[in-house]
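Contents: one structure, followed by commentary.
We just call them A, B, C and D in the order they show up, numbering each chain from 1.
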Amino acid sequence: MGTLDNAPLVDLGGRLPSLMKGLAAAVAGVTLAFSAAVSAAPATSEVNTTDLAVTDDTVTVGILHSVTGTMAISETGSVQAEKLAIEQINAMGGVLGRQIEYVQEDGASDWPTFAEKSRKLLLQDKVASVFGCWTSASRKAVLPVFEQYNGMLYYPTFYEGLEQSPNVIYTGQEATQQILAGIDWVVKEKGAKTFYLLGSDYIWPRTSNKIARKHIEKLGLKVVGEDYYPLGHTQFNSVINKFKLKKPDVIFASVVGGSNVAFYKQLNAAGIDMTKEKPLVLTISVTEDEILGIGGENIVGAYASMKYFQSLTNSNNVEFVKAFKKRWGDDIVIGDVTQAAYLGPWLWKAAVEKAGSFDVDKVRAASPDIELTTAPEGYVKVHPNHHLWSKTRIGNAKLDGQYEIVYETDELIEPNPFPEGYQ
Amino acid sequence: MSSSNTDFVLAVEGLTVSFDGFKAVNDLSFYVDKNEIRVIVGPNGAGKTTVLDLICGRTKATEGSIKFRNKELTKMKEHQIVRAGVGRKFQTPSIYGDLTVFENLEISFPRGRSVFGALTFKRDAEVLQRVDEISRMIFLDELLHTRGDLLSHGQKQWLEIGMLLIQDPELLMLDEPVAGMSVSERRKTAELLRTITKDRSVIVIEHDMQFVAEIADKVTVLHQGKILAEGTAEHVKQDPKVIEVYLGH
Amino acid sequence: MSYANLRTLLPKNDILNFAVLALILVVVLPLSMDLFRLNLIGKYLTYSFVALGLVLCWGYGGILSLGQGVFFGLGGYAMAMFLKIEASSPENTAIQSTPGIPDFMDWNQLTELPWFWQPFHSLTFTVIAIIVIPSIFAYIIGVAMFKRRVGGVYFAIITQAVAAILTILIIGQQGYTGGVNGITDLRTLFGWDIRTNEAKYIFYFLCVFMLFLCLGVAQYVRKSKLGRLLVAMREMEDRVRFSGYDVANFKIFVFCLGSAFAAIGGAMFTLQVGFMSPTFVGIVPSIEMVIFCAVGGRLSIFGAVYGALLVNWAKSTFSESFPELWLFAMGALFIGVVMAFPDGLAGLYSKYGEPHVTRLLDRFTSSKSKTSGDSDLPPEMEAEGGNS
Amino acid sequence: MFADYTTSELMSIFAMQGFSGLILFSVFVLMALGLAIIFGQMGVINMAHGEFMILGAYVTYLTSNVFSEYMPALFGGYFFVAMILAFIAAGALGMLVEWAMIRHLYHRPLDTLLATWGLSLILQQLYRTIFGAREVGVTLPDWLMGSVQITDIIEVPINGIFVMTLAVGISVLIAALMYRSRWGIQVRSVVQNRPMAGAVGINTARVDRLTFGLGCGIAGVAGSAFTMIGSTGPTSGQLYIVDTFLVVVFGGAASLLGTIASAFTISQAQSTMEFFLSGSMAKVLTLLFVVFILMLRPQGLFSLKVRR
C-alpha cells in the first residue's frame, strides 16, 4: 500500500508549463473547467453511491501487476507509469477534488494469484478502479471477477483482441491495429512479397500470425513458413536455417520474453544483418524495454510496428519522457506498454469527471468518446468497444536501443477486436 | 544349456555370470540334496555371494541353469523365486529398523503378498501364533515390541533368520550368519541352525572352518568362480589345493 | 468391524488429530473468517490433497515425484472441461462464428467439439474421469518406471520431464485446451451459479468433506499392512523383495493413489477458483507442492494439510507486505525444513507436543497400557477377528 | 517441401542444419558437464545448476562493464577474463554451498534436490535485488559477432564456433583431470569405494568439496559463454534446467562419455525434428523420446553392469 508522500512533481506547474497547459486542456476538453473541479469537490454521497473506497478527500484505486516471478521484468514499467500518472494527477488536484491513493498488489506471475488479488481489491479494498495485468492469461483470470463484482480494469498491453468486456478498458492496441498497418507498410514501401511468421507458442502470437496470414493472403502475397517455439526456448538455429532456405522478404516475429534475447542474438550471429533488410525483420513484440536485454547491436536494423516509441518528438511525449526519467531514473527506457499503462489513470480521471461520479456504471457509461489530447502518443480516443483509437507507427531499431520512427499512419486506426474475415 | 530333471532340491549346472567380461562365476555345477546342509567356503572374491545372488534372482545369469525342485529359476523374478520356496539371508543383517520385531516377522508371514492382500491383511490367530512360535525360536520373544534398530547385531541376525523361517522355505540360504557375533551368540546360532535345518535344505556361506565342520553335511570350496573341491569338511580340509589357496593363509 | 480392528486403524492420537482438524476446518475457520479468506483457505486445501498424496508416495514409499502438478492439472482440467461445455451453451456463445463450442475453440477455427471433449457433457463421466484418468496415467508411468526399478533421483527427473511435456502440449494445442490462458470463465453447474457466496460456502465444505474422505483412505492404507510394507521398502527394498513381495506393484499402487488424491484436489481447485490453467501443471508448482508436504512433515497425513495451509497462508500475507522477500523466505523454508527439521511440523509436534497430549489423553481415558509413536501398532496380541 | 530447391541449396541447408545440431550439442555439453560431474561423484542433483550458470553470466556482464569503462582498449579480450572470473565465482560459491549445505545431506539425495531448489530461489531473488528484474544486455567484443561465410548459403556463426571449441576444450580438460591427474584418481576412487578411499588417506570431504566446486565452476563458464546466445536475467537459469537434467540422467551417471553421447543424441534428435516440425512439437517429441528411452533403459545410455 502506498500513499504519495514523496511525490516529486508538486512544483510541476512552475517548471513544466507546457505539460501543465496540455493537461489542463485535456481536462477542460472533457469536463467542466479544471479549476472548478478542484475547488468545489462534490459531496461524497453524490459521487459514490456504490460503497467504493471514496472519502471526502481521497479515492482509492488498485494497481495489480507482477513484481515477482517471470513477468516482473515486463510489468515493472507499467507499475512505474501508473504511479507517475497518479502522482501527476494528484499534483494537479486529484479527481473530483480527491487525492488518489493506491493499493498495490503483486500478481506474482501467477494467474490464480491475480484472480485472488483482484477479488481482494474489489471486495476488501473497494477500489474505484484497477490498473493492471499484463499477460492475456492474467486478464482472462481476473475477468470473471471484474464482471461479477462490477469493477473497472484498465489493461495496458497490446493483445490478441477477441474480447470486449464492459468491465475493461483496453489502453493498448488490439492485434489488427498493430499488425495490418505494419504489413501494409512493408508491402508498399519495401515491396515485400513473401513472409515468414515466427512466434512463441501461445495465444497472442498465434492469433497475431493468423491475422497477419489472412491479411497477407488477401493482398495476394505469400506466407512461406510459420513456426512456434515454446515459451522460454533458447535455441533458434533451426528456424534461422529455414529462413535461409525459404528466403522470405520479411520475418514477422512475435517471440517474447527470454526467447527474444536468444532469437535476436542468434539471428545476428548467423550472419543475418538486419540493416541490409534481406530479409527484413518486422516485430510486434520488441519494445525499448526488451532491447535493454537483447542489446542494441543485436537488433539494429529491425523494424517494429506499434503505437508508441520513446523517440516520438511531439511535445506531450518530450514532457512525459522527462517526467518519467526524473521520477524513475535516467537509465530507464519507455516502451509501448509503459505508455499505454500511463494512459490508464488519465482516461479514468477523464471518465470520472465526465460522469461526475466514481460509480463504475456511470464511469463506464461516460467512457466512450473520452478524448486525451495530452497522451504521449498524441491524441487518443476511447471507442464504444472500450479499445482506443490510435495511430500505428513503424520504428527502425538503432544501435543505442531506441527506435527511429520511419512511418506513422495518417489517421487514427479504429480498434476492431472481432475483425470480420480475420478469424 | 538344457538340463534334465533330477531328484535334487537344487541343481545348478553350467552357471556362468560375467560382469564386463570378468567371470565372477564360471561354469559352475553343484547339487544340493533334500535336508542337506551345504556350506560354501572360499577366499574373498571367490564368487560365493554371487552364487547366492544368482540362485535367488538378484543377479541374472549369463549362462547355465538353476533348477529348484526341477523348476527353472533363472527366468523367474525374485518374488516368484521366494514364493517357490527359496529364502535368502543377506550378509549384513537386513531388517526393518523402523518397525518392531513383531511387525518385521508379520511382514514376512507368507500371506497377503499382493497389493489387495496387503490392504486387507488381518492379524488373526494364525499370524499371532506363528509369530509367537518363531520369536521363541530366535530368542526374541521378550523383545516383540522393540524397534528393529534397537536390537544388537546378533539379535538382528537372528531376527532376519526368523523372518525367513516364518516363510517356511524349502531351501534356505544364509550368507555368513555368525559374522560379527560374540562367542555365546555364536553358540546359540549354531544351536538355532541345527533346529531349523531339520526339514529343509540349507546353503550357508561361512569362513569359520570350525563352525563349518560343526554344521556342514558337505562343503564346496569356490575359487575364482570355480569349484576347487567338494566333499565332507574333513575331506576338503585335507585337499592340498584348498590348503594352498585358502586355508594356508 | 470389531472394536480391536477399529482401534488398530484409529489409535487415540489419531482420533484426536482428526477431531482437531475437523474442528478447525469445519467450525473455527468458517466462523472466524470472511468469505474471501475462507475461499482462499479452500484453495489452499486443494493443495493439501496433493501434499497428502506425497506423504504416501514420498514419506512412506520413498518415491519423490516432482510432477504431481500433472495429476492436479488432469483432475482440474477434467472438471473445467465439464463446466466449460456448460458455460458454452449456444445461447451464451451466440456471437461466435460457431455457437455452442468453447470460446477459445472458436478463435482457433474449430467448428465442432473435439471427440475427447464429448464425454464431458456428462457429470457422471467427469467425476469418474477425474479419478480414473490421472490414475491410469500414473499407472502407465509407474509400471514403466517401477517394474524396471527406476527410483530416487531418476524418477524425480523423469516426472519433472513429464510435467514439462504436458505443459508444452497444453500450451501448444490451444485450440483443444485453451492454451496458456487455460479454461476460464466457468459459471454454472447445471444452471446453478458457482460464483455466488452460497456456492462458495458449499464448495468449501465439499472440499473439506473430500479431504476427510481422502484422509480416511490414507489413514486406512497407512495402518494396513501395506503401510508397514511401504516403510519396510523404503528402508530395505531388497529384504521386502526377498520376502516374496513384488515391490513394484506396491509402489505403483501408492503412486496411483497419490495421483488420484492430487486429481481430486485439482477438481476442487477448479470448482472454487473458477478456472484451470497450465501454470499448475508445470515444474515449479509441482516442486512447491513437495514443500507443502515437507513443511507439514513427510510422514504425517495431518501434517500435509497443515503444511499446505501454512505455507500458502504465509505466501499470501508475505507477498502482500514484502513481495521481494517472499522468494528468500520460500528458499530458506526449503533449505531449513530439509536440513533442520526433516520431519517438519509433525516431527516437532511428536517430539515436543505429543508426549504431553498422550499423557493427558491417558489420564482422561481409563486405558490399558499404551504405546506412543506413529508407526507402532498396539502391542495387544489378541486377534482381530477371524477364528479366535 | 523440397521440390522448389536445387540440390546444392539442399546440400548446403543440410550442412547448416548439421552444424546447428552441433552447436546445440555443444550447448548441451556445456550445460550438463558440471552437473554430470557432481551427479556422478555424489549422486546429487543440483537444482540450482541454472542459477550457477547465470552467476557466470552476470560476472561476464560486470566484467564487460568494467572493461568498457576502464580498459576500452582491451575490450576485445575481456571475454576470456570473464570466463575465468565466472569459473572462480561460481566455483567458490559452489564450495561454500557444499560446505554449508550439501555435505550434511549426502545420505539423502532427494533432500539435496529440495534444498538446492531452495537455494535456486534465493539466488534468483538475490540477482533480482542486485541487478534488477529486467534482463541485462551483455555487449560482446566485435570479433565474436557475425559469421564466417563459407559458400553462398553456408554461414557459420562465430559464437557457435566459439561455443563448440569451448565445449571440446572443457571436455578434454575434464577428461585429462579425471583420468590423468592425481586428483582425478582420488575422485574416482572415492566414487568407487568411499570408506576405502578414506581409509587409505584420501580426504574424501575435500574431494567432495572440490568436485562440487569444479562442477559449479564449469556451470559458471557455461553461463558466461551463453551470454552470446541467450538471455541474462534472474530467472534465465530456469530455462535450462529440464534439458540439463535430462541430458545427465539420459547419459547415465557412470561416465562423462555417457553425458556427451546423450547430449549428442538429444541435440541431434531435437535439431532434426525442429527442421521438419514446428518448434513446440519438436520439443515435445524430443522429451517424449528421451523419457521413452529412459523407460526402456532406466540406467541411462551408458552404465556399467556392476557386481552388487
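Going forward, contacts are C-beta pairs under 8 Å (C-beta built on N, C-alpha and C of every residue); 3 or more make two chains touch, one makes a residue touch a chain.
Treat the numbers as computed from the prediction; the structure is a model and nothing was measured.
Trainee: Which neighbours do chain A and chain D have in common?
Mentor: Expected: C.
Trainee: Figure out the least number of contact steps between chain A and chain B, where 1 means they touch directly.
Mentor: Minimum number of steps from chain A to chain B: 2.
Trainee: Based on mean C-alpha positions, I'd like to know which chain lies farthest from chain B.
Mentor: So the chain farthest away from chain B turns out to be A.
Trainee: What whole-Å value do you get for the distance between chain A and chain C if each is reduced to the mean of its CA atoms?
Mentor: Result: the chain centres lie 39 Å from each other.
Trainee: In angstrom, rounded to a whole number, how far apart do the mean CA points of chain B and chain D lie?
Mentor: 47
Trainee: Need the CA-centroid distance for the pair chain B / chain C, whole Å please.
Mentor: The separation of the two C-alpha centroids amounts to 43 Å.
Trainee: At what distance in angstrom does the C-alpha mean of chain D lie from that of chain C?
Mentor: Centre separation, chain C to chain D: 35 Å.
Trainee: Find every residue in chain D that makes contact with two or more other chains and list them.
Mentor: Counting only residues that touch two or more other chains, chain D contributes 125, 128, 238, 278, 280, 283.
Trainee: Would you pick out the residues of chain A that each touch at least 2 other chains?
Mentor: Residues 67-68, 201, 228, 230.
Trainee: Please set out, as single numbers or ranges, the residues of chain C touching at least two other chains.
Mentor: Residues 168, 171-172, 324, 327.
Trainee: Once bound in the complex, which stretches of chain C touch chain B?
Mentor: Touch list, chain C to chain B: 5, 8, 220-221, 224-226, 228-229, 231-232, 235-236, 238-247, 249-250, 253, 371, 375-377, 379, 381, 383-388.
Trainee: With touch defined as at the start, can you tell me which chain A residues reach chain C in the complex?
Mentor: Touching chain C: residues 67-68, 105-106, 108, 110-113, 115-116, 119-120, 123-124, 135-137, 140-141, 143-144, 148, 162, 201-203, 206-207, 228, 230-231, 418, 423 of chain A.
Trainee: Considering the complex alone, what residue numbers of chain B touch chain C?
Mentor: For chain B paired with chain C, touching residues are 56, 58, 77-79, 82-83, 87-88, 90, 94-100, 102-104, 106-108, 110, 112-115, 118-126, 128, 132, 144-145, 147, 160, 163, 167.
Trainee: Could you pull out which chain C residues touch chain D in their complex?
Mentor: 58, 64, 66, 144-145, 148-150, 152-154, 156-158, 160-162, 164-165, 168-169, 171-172, 283-284, 287, 290-291, 294, 324-325, 327-328, 330-335, 337-339, 342
Trainee: Help me check something: in the complex, which residues belonging to chain A touch chain D?
Mentor: For chain A paired with chain D, touching residues are 67-70, 72-73, 76, 201, 227-230, 232-235, 237-242, 244-245, 258-262, 265-266, 268-271, 289, 291-298.
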